[in-house]
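The next part holds the structures, each set out as structure tokens.
Consider the two complexes below, in which chain A is the common component and chain B and chain C are the respective partners.
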Partner chain A sequence: MSHKPPPTEMPALPSALRRKLLLGMAALPAAAVLPRVAWGAAPATAAVNTTGLAVSDDSVTVGILHSVTGTMAISETGSVQAEKLAIDQINAEGGVLGRKIKFIQEDGASDWPTFAEKAKKLLVNDKCAAVFGCWTSASRKAVLPVFEQYNGMLYYPTFYEGLEQSKNVIYTGQEATQQIIAGLDWVTKEKGAKTFYLLGSDYIWPRTSNKIARKHIENVLKTKVVGEEYFPLGHTQFNSVINKIKLTKPDVIYAIIVGGSNVAFYKQLKAAGIDLSKQTLVTISVTEDEIDGIGGENIAGAYACMKYFQSLDNPNNKSFVSDFKKMWGDKTVIGDVTQAAYLGPWLWKLTVEKAGSFDIDKVAAASPGVEFTAAPEGYVRIHDNHHLWSKTRVGRAKADGQYEVIYETAELMEPDPFPKGYQ
Partner chain B sequence: MFADYSLSELGSIFVMQGFAGLILFSVFVLMALGLAIIFGQMGVINMAHGEFMILGAYVTYFTSQFFQNVLPSLFPIYFFVAMGLAFLASGGLGIAVEWALIRHLYRRPLDTLLATWGLSLILQQVYRSVFGPREVGVELPSWMMGSLPLTDVIEVQINGLFVMSLTFVITLVVGLMMFRSRWGQQVRAVVQNRVMAGAVGINTHKVDRLTFGIGCGIAGVAGSAFTMIGSTGPTAGQLYIVDTFLVVVFGGAQSLVGTIFSAFTISQAQSTMEFFLSGSTAKVLTLLAVVGILMLRPQGLLVLKIRR
Partner chain C sequence: MERIGFLKTSEAVGIAILAALILIVLPLGLDIFRLNLAGKYLTYAFVAIGLVLCWGHGGILSLGQGMFFGLGGYAMAMFLKLEASSPEATKIQSTPGIPDFMDWNQLTELPWFWQPFHSLTLSLVAVVLVPTAFAFLIGTAMFKRRVGGVYFAIITQAIAAILTILIVGQQGYTGGINGITDLRTLKGWDIRTDEAKYVLYFVNAGLLLAAVAAAYFVRQSKLGRILVAMRDKEDRVRFSGYNVANFKTFVFCLAAALSAIGGAMFTLQVGFMSPSFVGIVPSIEMVIYTAVGGRLSILGAVYGTLLVNWAKTSFSESFPELWLLGLGGLFIAVVLAFPNGLAGIYADTIAPRLSRLLRRARPALGGTVPAGAPAE
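Moving on, here comes the complex of A and B:
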């Protein structure tokens, strides 16, 4: 199923948005201002597209590849919304190298072979100049060989376990060490935590992340892991493990539970009388999106450790949140991954303009060093390893479903997808 | 792992662990009852059972929204209204499905399996399109949250108690209906010999429709109750379906008592093993044990003795 591209006529920009775009542009090299200066000055198609991508004199086609049906639709909806918003905004500003972005949306249907098939379609038939998509690691692993074989560019939004790096992928979410280490350091310093109970859903991301957490706890912090446990995806009964937690009385519960299990876990934790205002719980898997399902009153008091919260107090984020709600409704919430998905189209635009070309090889080569100063999370820069430098923050869940940001790292955390000593 | 604890602490933990097992038992019974009635009495394998449950969960969500916005003073008791509405909604949908789909497939059990599986996919997408792909959070009245502290360590979850009493009441009602009411008598007659039951004047089609409706309705109530302990989203029904089938098949397809017995065995085994081993390992061992027992006893734990 493909969607028609958005109408080329854009409504007048709200002033907040205009301010933000100007802000972003102020920090860019002169090339970024080019499309605003003169339409006629857009470089010739033959010069910016030497490999036969879907680029014409006035448009460029990109792909959006997420699940809008199946189990993962619940998580990927926000990413699709963010990517469409970014594309709209870029077009309103004049597009990329003077060309409006058209998008073709494909549905991965929560099925990994379908992701691979649709990725091939987007690259081979539609000649997309870039693809924004995938959510689970499994879907990314399924499309990776396709992107490498047909030389495409994928902007992948989810925080993930690391252990991967490709010329053809830009990882706009955090890899595991960025997310985990700062959080563990914080909880050790702030709460004087000595004992940790690690929990997770049973698949690659929680297991790899907990492995990193355990190494950091035991080797660096010199404290103790008193339990580590995994549950099948979709597990709904946590009373036994809650009893075990009560018995071992850990200083910190470190939970990486995903999907519907999350809801069951926090509801049962609360019902069992574990008060998160007294018991410290740190999670790296619950964004504002998940709290919608869990219910704010069930998780209030828990700490989450990631790079973005909807409540971040900076001008970039304020205009991003208001634009997002204007486009998708007042009740929508924005989680970490949604923001990371929003970065994708913008980073691609900045990279293409830096490279002065849509060619995949040139874009890949130009990516390291590209910085996006108007990012809602503040500021990001692409590392040589195609991951992002970004700050890590700790938020505390409130009953209204939002996080209160209580700590952020002073420096940008360096992405390190193959961390030495943590594998 | 027990060396560092005093005797009284250990005692408390075992009490709580026993209670956790009982909650799991109630959840299993509640999940499986609707399916057992349909599967056992009609021979229809209802793969859409989870989706009927989720319909009940959504009804609960909307009832809670309604009470919050329109009748905030009655919010503390909305859950009872929600369960009633969930029964009607899921039961109504069940009767409609029986009329439109199932009744044409009674002689083809494998086709009902495919048809209801298709139905489950359709329902999931309908929920996703109508209610949105994101999960919704059902807010509970405050009296249903938290726990009763019996001693320092032993705490009894209120929603656990609620699920247990609900399961008890529903099981009792189903039992009474099955063995004391005219409908139950007719159902049992149809199960034992469909042709003879028809010959003595029982309208077997009507009995089937009502049975399917009641089975689905109970699924709706279960879904409503599970908003207390689990998630409400378009595909959340899938979380329960495997365990549900496990309980029904293990118990012996045609026996309600068998279902209860098997729910008890599986839940206690699982919850005890989860305490001593890890979650995933416990699940694997439970499944292995069930497979092993079914190999020795393919008909399930308890079987209804009928003449073929």
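Moving on, here comes the complex of A and C:
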């Protein structure tokens, strides 16, 4: 822990100076001739691993389970990169309980049963101490019984619909209320919005999210939903709904369209003459990664509710972005989920060190209350329900594919996967 | 040629070798995790056997066998899901006692078509009957109108796509793209334990051997010969007075029923069912298993399924970023170099050598020298 930069709440040092300080700190143990002593001798393997996980005297094995082939590869690649970066950085600092992290990567192939098969392999065959992975809700639902049966630990990075809580999962993304409620409050206050048109791809996350949005709009904000529509995944013909939007003239288009459909939707919206600098559109499904495909000029002006944007201005994020680009190239962009995936290995390391053990039960029990001060999004903390306390932010898309952050909640939002009154 | 029941001796030996492999060698040689994977592969072999009859012998290429596999699997999954959704287990829901995904989709009572799946007997009947009836419907509609060949293949593909969209779209009733997950027990018997996995593996292997035997029975029967005749010269069979459409529908239904049994066993062994088995891609993959094994060979289809899936698993474990290329390469190589698949390799290279060896061994064993053998 002593190697970590200060929390963002503290007065920020100029980035360059901070990096130098960090480098200096990292060099300290090496300068001390006896690096082992400087770190303190690693605790005995028998003491920190009583359940036969893949932990040796100098290494610990974890799994990375994402799709690197198939339709989801484009979304999940960022997560894989972020997790590898975090593991590299942790190893550079001396690893976890004095052990270097080794990882085994498996491909979920955008196919839910494959995810289940590979998850089982990582837990049963490879005895992974933790697994960082999954992206879609469907893949998580497929592996959840596996993690519960074989008692594994999954760090899941994506913002998702909630309605789930497991001893064996740490959700490093936002559950639905964390993404939705503050954003709706903001758009109502800032834009005086009275009418909303809800759109979504047809599966569990958009439907649940829109359900929460509708309850909040109707019961709390006392405004109106004028339309709600869903499209199959991969749908590319949005002209009829765009016509309906033109007729109903909602104050806000609330769009939860995912994947490749986004490209068609925003291009057709623009072609139909709906100018996003005048028509308010709020999305919770378009990160910088998706804008890469949509094209910044097609979505400029839209608002997105996330917890992280690449353009966040804080020292943690600056060094994260530069390390990420150094490792994976200048052209890569970093979206909300990529950042959440980066948190996984760090939170696991901090939890293991708090628990003083790799045992799954002890890690699960020690998780609530673990704080990560160096997170690119700022300070985060694990809640009793295994989700993260984190801020909600609103960004406005620019033509260059980045978001300009225009609002953030003052406080961390409490995760509430089973929201009362919203079900 | 000597016969054992309806099997030729060589066929009986082939089945015995397969039985030895899946009943003895695999269970002894693999740990439970790998054995469970092998069990999963063997469920696809049911589909491949169906395709050998339907495509290899009947000449009806169906690119939608995933539908039947999926329907069988869903029927099983619906029963298991209802059992896992007892009011006690689901008391945190707004409506306890219905599957969790229905609750998430604001359903407040069980839809009527889920009701029969409270009963195991009715569910098992549905596993076979629903996909077969569906195949009958498609078969009657197509074959009576003499739709065949490529057109039939395209239509089956379209129906598979429609079914997937329907399942994904009606997520309140079907679980949507997530599928039906978190299945736990069968009549109180926990299917997730290692012992249960062993038992299910052997049940599956037994059913598969029965399916192989049934396929051989059909093949050697008069029906089997009519199928081949239809494939090669449909008109002649029709002019000889046979109702071609009925035979085609029958073999298509048989292939569907076999696929459905595979699907149900899949659900039991893997613990969930999702629309990713219903669509076009898995259906085509299943045709590939058959092609790799050799589309005329029943045993070849089983070995082809095992080989392709084993390659898929091990390539993807070793090369997570490149494995699809390797797998694609394997298919191209097999199709180019061995158009008759594994069975072709066996018939062309291994079988002649084997018989030469046997012939050489026989005199040494004191047998008589075959009449035509050169006297050396």
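One rule holds in what follows: the second predicted complex is superposed on the first by the 383 of 423 C-alpha atoms of A that agree within 3 Å, B and C clash if a C-alpha of one lies under 4 Å from a C-alpha of the other, contacts with A are read in each partner's own complex, and residues count from 1 in each chain.
Quick note on the criterion: a contact is a pair of C-beta atoms (placed from the backbone, for glycine too) under 8 Å apart; a residue touches a chain by one contact, two chains touch by 3 or more.
Please read these numbers as outputs of a predicted model, since none were measured by experiment.
Superposition of the two structures on chain A leaves chain B and chain C fitting side by side, clash-free. Partner contacting the larger number of chain A residues, of chain B and chain C: B.
In the superposed pair of complexes, A:Ala272 makes contact with chain B only, with no contact to chain C.
Of the two partner chains placed by superposition, A:Gln310 touches none, neither chain B nor chain C.
Contacts of A:Asp202 after superposition on the shared chain: both chain B and chain C are touched.
In the superposition on chain A, A:Leu163 contacts chain C only, with no contact to chain B. After overlaying the two complexes on the shared chain, residue contacts for A:Glu229 are found with chain B alone; chain C is out of touch. Contact with chain C, but none with chain B, is seen for A:Asp107 once the two complexes are overlaid on the shared chain.
Contacts of A:Thr69 after superposition on the shared chain: both chain B and chain C are touched.
Here chain B and chain C sit at a least CA-CA distance of 5 Å once the structures share a frame through chain A. Overlaid on A, the two complexes show chain B and chain C touching the same residues of chain A, namely 68-69, 202, 232.
Chain B makes touch with chain A in their complex at residues 1, 5, 9, 13, 16-17, 19-20, 23-24, 27, 125, 128, 133-139, 145-147, 149, 153, 155, 157-160, 226, 228-236, 238-240, 270-272, 274-275, 278-280, 282-283. Put simply, chain C touches chain A in their complex at residues 33, 36-37, 40, 92, 94, 101, 104-106, 165, 168-169, 171, 176-179, 181-183, 192, 270-272, 274, 276-277, 313, 316-317, 320-321, 323-324.
The part of chain A that touches chain B in the complex is made up of residues 68-71, 73-74, 77, 202, 228-232, 234-237, 239-244, 246-247, 259-264, 267-268, 270-273, 289-298. Taken in their complex, chain A has these residues touching chain C: 68-69, 105-107, 109, 111-114, 116-118, 120-121, 124-125, 137-138, 141-142, 144-145, 149, 161, 163, 202-204, 207-208, 211, 232-233, 418, 423.
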